[in-house]
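Dropping a structure here in structure tokens format, bear with me for questions.
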Amino acid sequence: MVDISGKPEVYREAKARGIIRLKPQTIKLIKEGKISKGDPITVARIAATLAAKNTSSLIPLCHQIPLTNVSLKFEFLDDSRIAVESTVRTKAQTGVEMEALAAVSTALLTIWDMTKQYEKDEKGEYPNTTIEHICVLRKIKGKPDERDLEET
Amino acid sequence: MVDISGKPEVYREAKARGIIRLKPQTIKLIKEGKISKGDPITVARIAATLAAKNTSSLIPLCHQIPLTNVSLKFEFLDDSRIAVESTVRTKAQTGVEMEALAAVSTALLTIWDMTKQYEKDEKGEYPNTTIEHICVLRKIKGKPDERDLEET
Amino acid sequence: MVDISGKPEVYREAKARGIIRLKPQTIKLIKEGKISKGDPITVARIAATLAAKNTSSLIPLCHQIPLTNVSLKFEFLDDSRIAVESTVRTKAQTGVEMEALAAVSTALLTIWDMTKQYEKDEKGEYPNTTIEHICVLRKIKGKPDERDLEET
Amino acid sequence: MVDISGKPEVYREAKARGIIRLKPQTIKLIKEGKISKGDPITVARIAATLAAKNTSSLIPLCHQIPLTNVSLKFEFLDDSRIAVESTVRTKAQTGVEMEALAAVSTALLTIWDMTKQYEKDEKGEYPNTTIEHICVLRKIKGKPDERDLEET
Amino acid sequence: MVDISGKPEVYREAKARGIIRLKPQTIKLIKEGKISKGDPITVARIAATLAAKNTSSLIPLCHQIPLTNVSLKFEFLDDSRIAVESTVRTKAQTGVEMEALAAVSTALLTIWDMTKQYEKDEKGEYPNTTIEHICVLRKIKGKPDERDLEET
Amino acid sequence: MVDISGKPEVYREAKARGIIRLKPQTIKLIKEGKISKGDPITVARIAATLAAKNTSSLIPLCHQIPLTNVSLKFEFLDDSRIAVESTVRTKAQTGVEMEALAAVSTALLTIWDMTKQYEKDEKGEYPNTTIEHICVLRKIKGKPDERDLEET
């Protein structure tokens, strides 16, 4: 575990992103609000927020960081892909990219779980479903005052 | 949440897989055992095992399933990619693919966390690091007796 | 902790119910989908499902019971009250009324949290908001076969 | 999740309260220290303290707030009701009423669990047991110096 | 993680034991019910029960085992030592000695925490306090029928 | 729970230590890297780090303290004993000795779990295995500046 005892607390922000590929028919059902277990986007948002807050239990050497905000955006890229973007904010001694990545990963897993029954083939396998390209889009460190101006 | 009250308990197995792309220099450091936070493979294995057991807290509509085995394999695919494969087993009323996927995702996030300092550029960004192609490889349902023969 | 080692595993079901009183204006905003933090009903459903599964960590002497189903119903009783009803099912050596009660309590707390900003007065107090009458509506023990007929 | 990134850390306090109705005979057994699972008041106090600290996992959009104090008071109101009052304190960017409510709710659920066997009728139902009137009694924001004088 | 997929579910029991050494003055205060944070024995019992149920999260390669009973005994050995003995029961595919050990360890740590202020010297150090000799006393496997006779 | 609302945040450090006694043959297998479940030292290090971060859930009246560092040292004392030493650091309103003790206890339990199969006799009992002498070695409060000089 990296020793952050001597580091100052500054404003931190991280954005991460990832994609899930589903069958076009499943994407259509999501858009029409017809997934029987509930809306995958809403449930994924909640699961991702909880996961971001729980990152230090999930990833062993992460520090416990009280987050000041977690937000999620979902975008239908085309007829078979949904992109998830997370933004995590805090004032802390270390960055929050792992929290942003944990949020995105959990959102994608939750979408998978919510749409399982439509994605399975007759053998219970998932020939179409994949999670793709999880990455960190941006990190911000410090400059909380400028940010406050931007945000307001 | 799907009602599984009426389903019988049978042997279940799921295999999932995913890939993390790192800088060749980072891969080299992992192979040489020179990552300062510790061996990413070993820590990822532990984190993934814990995550598989904790899936029903991570993914809201998953059932609580006591697993009888979680195992992880790691493979260096080339000079910039590591593949993680999880196998999860149980005797339960529903499948364990979400447990296998949670294990793989957490293993990949943990490798990212363990190698962060080598992957960051001078601005703290990750131009090379990505998690790619998480999928379910195989599911098995039932036939515990045949399986016992295979395994022994 | 009650020793249930000698008890047989049988089908168990419990239903619990509780009410939250909010301002009529807040109820109206919920119905119109205008709560800024998101839909309180949907988030409460997820939180309650997670809480039911986590009951043995929340209530110290509860046994760990893998649930086969958790479901939630929400009803607007009049212009200032929402009723929450949970149903929890399993096959286990002991009843699941605490799981059903934990689900209801957590759903009600979550609705409070989601609507906080509309319920607070100018001093930040909650003169109107109360959680009322949490009770167990029904318990079922055994007779899984009859139940299967009913449910199908 | 409300973005509290720009808010200052100030002293926060919240008091919440709720009531559980039990059979007079059960209340008598509690007072006489004859509940076979142990003292419901003591166990409820511990469960409530743990729940308050765990609020951000229980209620999805709550922030993680390190609490500086959680305290619980229990009062026998008459021969069939116990009132629970929680006080939660911290220095934080947002209020702690949800933490106080989570403490009260969990204390009440734990009293129910500890007295279950005395409250059940011959069918395993709970005709007398109810949790009633959970509310926030008071919130304090800021003025830590004045408070220190009061408390000492 | 050991693969227990092929093992039968049988009755399992494990007993573990450990000792904490405190100052005679602290032991006296415990016996007289004068510890200001509350009764260390009662709080230790609750903490140990919760820890036993949570063993598979605490110890990475432990299986998730729903326990049918956790019980704790506390004994004042002499004027400066308390012994804690845990008994854990289940019907499972693997033994529960780690659950019994986790219960004992957590009970001992909790007693330490509850008596901290009486054990510290003027520098905040603990010259007298130690946890000693944690061991497994006994394990039982199978023979649930004989056991039922014994217990009844 | 002790009310720390009025206390200042200062640098805090605590070191704890404990010993596990194993069979000489098991110690030899650990040193040779031949334990089939994996390296007990590595797994214990991860488990202890996670436990330290989770102390406030494990020990009921502990405050939630975001740690800035957790580190573990392992030493083979002789042919049958391993010593574990933890160091925990933070800037907080209260000390972190319970976090250091939780880390040591969990490390020792994890070593036990990892070496179980080599320590059991033919009856599944553990005649040789014991955890011994868990204590707090040192606490530091304040003087973060001097410490920064030392550490750099």
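Chains: A, B, C, D, E and F, in written order; residue numbering restarts at 1 for each.
Simple rule for what comes next: a residue touches a chain if its C-beta (ideal position, glycine included) is under 8 Å from a C-beta of that chain, and two chains touch if they have at least 3 such contacts.
Since we're looking at a predicted model, the values are computed, not measured.
Asks: Chain by chain, through touching neighbours only, how many steps does the shortest route from chain E to chain F take?
Replies: When the steps are counted carefully, the minimum from chain E to chain F is 1.
Asks: Of the pairs B-C, C-E or A-B, which has an interface that repeats that of E-F (more than half of the contact pairs shared)?
Replies: A-B
Asks: Between copies chain A and chain D, are the contact residues mostly the same numbers or mostly different, with half as the line?
Replies: Homomeric contact, different residues on each side for the most part.
Asks: From the centre of chain A, which other chain's Cα mean sits the farthest off?
Replies: Centre of mass proxy via C-alpha means gives E as farthest from chain A.
Asks: State, to the nearest whole Å, the distance from the C-alpha centre of chain C to the C-alpha centre of chain D.
Replies: A distance of 17 Å separates the two centres.
Asks: Report the inter-centroid distance (CA atoms only) between chain B and chain F in whole Å.
Replies: The separation of the two C-alpha centroids amounts to 27 Å.
Asks: Distance between chain A and chain E based on Cα centroids, please, to the nearest Å.
Replies: So the centre of chain A lies 39 Å away from the centre of chain E.
Asks: Could you say which residues in chain F touch two or more other chains, in rising order?
Replies: 1-2, 38, 43, 46-47, 50, 60-61, 64, 66
Asks: Go ahead and list every pair of chains that touch.
Replies: Every pair of chains meeting the touch criterion: A-B, A-C, A-D, A-F, B-C, B-E, B-F, C-D, C-E, D-E, D-F, E-F.
Asks: Using the touch definition from the top, list the residues of chain E that touch chain C in their complex.
Replies: 11, 46, 49-50, 53-54, 66-71, 89-91, 144, 147-148, 151-152
Asks: Write out the stretch or stretches of chain A touching chain F in their complex.
Replies: It comes out as residues 1-7, 56-57, 60-61, 63-66, 93.
Asks: Which positions of chain A touch chain B when the two form their complex?
Replies: Within the complex, chain A touches chain B at residues 1-2, 18, 37-38, 43, 46-47, 51, 58-62, 95, 97-98, 101-102, 105-106, 108-110, 112-114, 116-117, 123-126, 129-136, 138-139, 141.
Asks: For chain B, which residues count as touching chain F in their complex?
Replies: Listed in rising order, the residues are 38-39, 42-43, 45-47, 50.
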